[in-house]
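Before anything else, here is the set of structures, which you'll find just below.
The two complexes that follow have chain A in common; it is paired with chain B in the first and with chain C in the second.
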Partner chain A sequence: MTAAALRPRARAPQWFTILWRNKKARFGMLLLLAFVLLALLAPVLAPYDPRDRSFAGGLPPSAEHWFGTTGKGYDVASQAIFGARTSLVIGLVAGAIATTISLLVGMTAGYLGGMVDEVLSFVTNLALVVPALPLMITLAAYVPGGGSEWMVIIVISITGWAGAARLKRAQILTLRNREYIQAARMAGDGTFHVIFREIAPNMTSLIVVGFIGAVGGAIGAEAGLAFLGIGNPDTISWGTMLYWANTDGALLTGAFARLVVPGLLLALLTTALTFVNFGVDALSNPHLREP
Partner chain B sequence: MAYFARRIGFFLLTLWGAVTLNFLIPRLSGGDPAQAILQRIAGKEARVDPAQLAAVRAMLGVPDEPLWRQYLDYLGNMASGNFGVSYTYFPYSVSEVIGEAVPWTIVLVGVTLVLSFAIGTLLGTWVAWRRGTTFDSVLTVTSAFVGTLPFFWIALVLIYVFAITLGWLPPSGGFSGLLEPAPTAAFVADAWPYFILPAAAIMITGPIGWLLGMRNNMVQSLGEDFARFGRAKGLSNRRLAIAYGARVAILPNVTGFALALGGLIGGTVLVEQTFNYPGTGRLLLEAVSNKDYPLMQTIFLFIAVGVLVANLVADVLYGVLDPRARRREAA
Partner chain C sequence: MPLVEVRHLSVDYRSRDLPPAHAVRDVSFDLAEGEFVGLLGESGCGKSTLGNALLRLLDRPAHHAGGEVRFDGQDLYALPAKELNRLRWREIATVFQSSMNALNPVLRVERQFRDTMEAHRWDPRADGDPRERVLEVLRDVELDAERVLRSYPHELSGGMRQRVVLALALLLRPRLVVLDEPTTGLDVVVQRSIVDLLRRLQREHGFSVLFISHDLGTVLEIADRVLVMYAGQIVESRPSADLAAAPLHPYTRGLLGSFADPRDEHVSVTAVPGRPPSLDSPPAGCAFAPRCPVRVAACAAVPPVLAAPGVGARAAGGAADVGDDAGGLVRCHRLTPEGADEPTVPDAAPPFPEVMAWASGPVSGPAGSADDAGGATPLLVADGLVKTYTRRRGLRREEVHAVRGVSFALAPGRVQALVGQSGSGKSTVAKMLTGTERPTSGTVTLAGRDVTHLRGADLRAYRSQVQMVFQDPFAALNPTKSVGASVGRPLRNHLGLSGEALRERVVTLLDGVGLSPGSLYVDKLPHQLSGGQRQRVVIARAMAPRPRLLIADEPISMLDVSIRAEILELLATTVQEQDVAMLYITHDLLSARLLADDLMVMRDGAVVEQGPTVRVVREPEHAYTETLLAAVPRPPGVAAR
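Moving on to the complex of A and B:
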């Protein structure tokens, strides 16, 4: 072994190396990167403005319109490319809010215990058993400012935090009695400091898995709500594309691309997130790592 | 017994929670249902006569009382099954309108739930037994991908392929309309073709959660000492897989039942809407688009209570099946 081999080289951080070695996670990350690029470069990649309706309606796929046009004369390909923005933005924001709620509720309940835990656990279990989609629909019908993206984000976040909160509570219960936590407490660290400075770093992988899962769930929920016509039908998203394809009777006229393109994009994006999560699981559990 | 008492206590508490949530949602947002319906009657531009508003309020039971009074009245109404009058189907009561839709959803959810659980658990047992083979990895990866397909998208593809292109099955509705809905053989024969595609749309992704869950649990239980002991004793593979592996692995799948049910209900709402199937999910969306608040809220309550009851049944079943659960709770 030479000295050169021992010298630390500039290299990717360890977590990235572990993720990259996992074949499923590598596939997921590359696919996710493709979607992020699609969203960021949408104005460059899309052949037309997604709101340009100057084309003839219901055109079949061709060189000018890769996936044809909608009944109202929008270019399907351009809408599909811009739709990546809606899904990613709503997924990330709603996922972040849901993860924050689950962190606050799960960690407070697990760390404080006692009456606070009983109450928070009850609320968590209640939120967990009440079926999410009917609750989202009912909430959306009442939330003022109906139709805005923010309404959709709020409705998705406040229905999607409970499962992750329960997992975090369980995890913190096993961590809170460790010696280093007791040492921190004896050293006079406050509750807030102990929870977020001492315990949270040891839960990073659980938090990240929960966040990615929440993003995937939010993307699916946004598409479902948009397909049901809840929210603003003029938003350009894969869910609204399917909503219009269904209400226009695109199926009857055989415009199969209008059905296949947004559906497959949704499924691929969710698959990318699921596969990244396989790798994040491996970060905390060395048994799952691939050699 | 402590186990069952605790489950029933949790059920009653969550029931109260769901009922209260249902009361709070509309009031927190500050909307006025009577105002909404008058606006709808009069058209968006017209100004609403206050006398008319008072009349509609009296008719719809939107009282000008303090909140706690309203809450007590509300609880009383819920307990006596008085859910008010539907705006859309006036003068029919909400109970009558929902009563017609509930059997459709119960049949759809019931059939797909039981079949999903059975198929998912069986397939999961099988792939766990053949773990590490090509068959295992193909089925696991395929399920992970298929599981991400949205319910409503599968429904649309099924309509496109089997109803529109091939013309084998009707694309929407619940029955032909030639017969009145009734629990008779003739009506079941009439409604049967309408049931196949909605059920299939749910069944394509329905079993996947149980399949993957069962596979993981079983791989774990087959690695435990008792399974190794069974193998050392010279038990047949079949007995080892079923009596030693699956018997233990199925328990967490039973607890997953209630959570899966919530997802399945969501899927049913989407599928019912896509197929125009005359169940509660479609009725819920119809109520939302018509701002029919009493109908909407009662449907939400029905769905929530249905899931809570199923949850209780699964919990009790779990306690009966697994003595360890009862002991843990007692300790």
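Moving on to the complex of A and C:
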């Protein structure tokens, strides 16, 4: 005990050690790191400006154009590299907003109980049963400014929080009767402090799992909306690439790279997030840790 | 030949981050056919690990690190898994800790008996009619067999479930039963009945028992022979009557000192200061030496061997012939011819500190005689408290009378004990005093002011005067917060302290509860502290806002026996020095006798007896009080001490 306390704190924090030790999580984190680098270094890595349409349309993959060009003459590789930015940014922001809503609703409902719980649980259940994709399409299509990235973020977050809110409510129900929560109330702490300072730190891993799940969901939702042509078709994202590939009939003309590249990147990014989540599970449940 | 021979058994806990912990170290003992052996030790001493190792039930991260367990001549660690499965339950049965929850909640009890018989190939021709056997074993544990078989586990009470689990263990007529804390978590009175039942069944059927427990009184009373375990080793192995009458090892002496009969005229208990050594680097000499009041120079350097007292240090191999241990074995240098006359080292601790029954001496204790009670101005008056819960069952409403008309007064500097079984309504009374629950009727008055229906800021202000000490020191501190943060919150909220003043006050408070120097503990997290230290932090937090009333809900029931006395003493001095009133809620009459001036006994929501502690304990008037007193274990020999 004392020896551990005296040891210098130069090593990695404990949560990182546990994550890194888990092979699945390590794979996920490395893959995720690759995507983050891809997004950050896009101007360096991409061979051309993604909006440069000075090339001949529909070129097959070659040394100049790794994955060919689109029907309008954009470079597919450059678009794919820059598309990582859109996916990551929208995923992170929408994931964060959805997690925040789920935290506020789920934790308040679970902690306060009674009438507040009834009302908030009703709203949560309503949000759960409303089919998300049609709602997204309706919102994105009819709300003014529906095409902007911000609108997409808001649409994704308000349709994606409910499941996580249910989870958090269930978790807080098991935590709120712990003696240390009672002790905090005896110590004069207010409701807000008890929920977010006393209880929340004890469910960090659940919140993180929920956040990563929400990010993955948001990335998928963004791509789905873009693929359906909802949102601004001029943004550079993997979803829009798929949309244009589809409208141009890429499958018929044999330009498989235009479909495979963004599709594969999307799949890899969500895989990376899922694998990180395996490791976060191990954080909260020592039984899942690899020896 | 003994039924079980354990030879040099060692078990390590291995993990990647920490050095291996040697939970069981070179343990050797025998268990004769039909013998009832108690394995006594405090939390973390390795007793449960030893129990599991005996059944070869070690799971990661525990590893068998050497030694043998021979059951009926066969080494369990050399058997193939299939052979081992044949032995388990048929020959060696076990009841695990918290086994009340070992029944599958979605299966009827009958099905669980049938499954057990099928899994272990019950042969009706050789073993008899299966249904007859089930009825027989359930009758053995004194249950209404027909009714129980049709029930789901949740339809049975804790005590009944424990009997069912015991019946399941005995179903296949095993020759050895390992019981790991079989009565922990049960009510005192229920505990008593299970212990009596166990002893009767063991006598009738003649199986051997290894009874693992931290409960000294029960072990001494029920077992033929007691093994005392400390830091992974057996330190004393003797017939329980001998052990109770004259414990040899200083640790056993310390443990026995923490036990007393609350009905005695003069009651005192002792504590064993300090903590057991860390098991990852066992000390070079005797593991108990740092806490030992009679240690000699050799203790720190030479590990003592387990030997018959007075025989002298033998070769290490000599410890193996445990067959001739009729007089007992002990692991202590003082009991060898060479060590007996050696003077104790000068810096050895004084003998175990004694906690007197300071408040309840027969004539008058330091706290003043019981007659003063009427004279003191009461701080808090609870008058006719009633709490009725309404439960909806389908369309019907059902009323549960948790508390029915309880009245009492609490005075500054005095302790009122509230004793009763679980479910008697004692905790509901506490909740009504703290304002967590509102009484259905009745009033609570604090210093003349009605505080029954406070809300918002008034309630918060009231709570700065009424604080709680909780039962479970492991649950009462937020695992993510440092000690300083936990103790600091009430200071910040109720007294408005912050910054350096706050920190200073926290350090003073920690010093005050014996965590000194306090500055060393401020930044520690709860998991870095022992149970006793945590409970001290909980007390410091409760005392932080300078309350006038302290409600202690079973504050020592989760602590190891050797440190209970220290916490009791801390509570007693707190009440004296800070002049607070205390409501002490417990099921343990011994601690109530030691701590409380007055005692009230609760049953089914009503107070059945109330009065000065000494009077209630020594001359109980109500039959229920007598039942509670009779449930206190009375080991042979201790009384004669």
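Just so we're on the same page, the second predicted complex is superposed on the first by the 282 of 291 C-alpha atoms of A that agree within 3 Å, B and C clash if a C-alpha of one lies under 4 Å from a C-alpha of the other, contacts with A are read in each partner's own complex, and residues count from 1 in each chain.
Going forward, a residue touches a chain if its C-beta (ideal position, glycine included) is under 8 Å from a C-beta of that chain, and two chains touch if they have at least 3 such contacts.
Just so it is clear, the structure is predicted and the values come from calculations on it, not from any experiment.
**Q** By the touch definition at the top of the document, which applies to A:224: first (chain B), second (chain C), both, or neither?
**A** first
**Q** Go through the superposed model and pick first if A:180 touches only chain B, second if only chain C, both, or neither.
**A** second
**Q** For A:128, is the partner it touches chain B (first), chain C (second), both, or none of the two (neither)?
**A** Touch partner of A:128: chain B, not chain C.
**Q** Taking the superposition as given, does A:149 touch the first partner, chain B, the second, chain C, both, or neither?
**A** neither
**Q** Output check: A:263 vs chain B and chain C. Expected answer is one of first, second, both, neither. What do you get?
**A** first
**Q** According to the stated criteria, A:138 is in contact with first (chain B), second (chain C), both, or neither; which is it?
**A** A:138 contacts chain B only, not chain C.
**Q** A:117 contacts which: chain B (first), chain C (second), both, neither?
**A** Neither partner.
**Q** Overlap the chain B and chain C contact sets on chain A and report the shared residues.
**A** none
**Q** For the complex, which residues does chain A have touching chain C?
**A** These residues of chain A touch chain C: 1, 5, 21, 178-180, 182-189, 198, 201-202, 291.
**Q** Would you pull the chain A residues touching chain B in the complex into a rising list?
**A** Those residues of chain A that touch chain B are 122-123, 125-126, 128-135, 137-144, 163, 216, 220, 223-224, 227-230, 242, 245-246, 251-252, 256, 259-260, 262-263, 266-267, 270-271, 274-275.
**Q** In the complex, go through chain C and note every residue touching chain A.
**A** 15-16, 60-61, 278, 434, 436, 460, 463-464, 466-468, 470-472, 475-481, 486, 489-490, 493-494, 528, 538, 541-542, 544-545
**Q** Any idea which chain B residues touch chain A in the complex?
**A** Contacts found on chain B: 10, 13-14, 17-18, 21, 25-26, 28-31, 144-145, 148-153, 156-157, 159-160, 164, 258-259, 261-263, 265-266, 269-270, 273-274, 281, 284-285, 288-289, 291, 293, 296-297, 299-300, 303-304, 307-308, 311.
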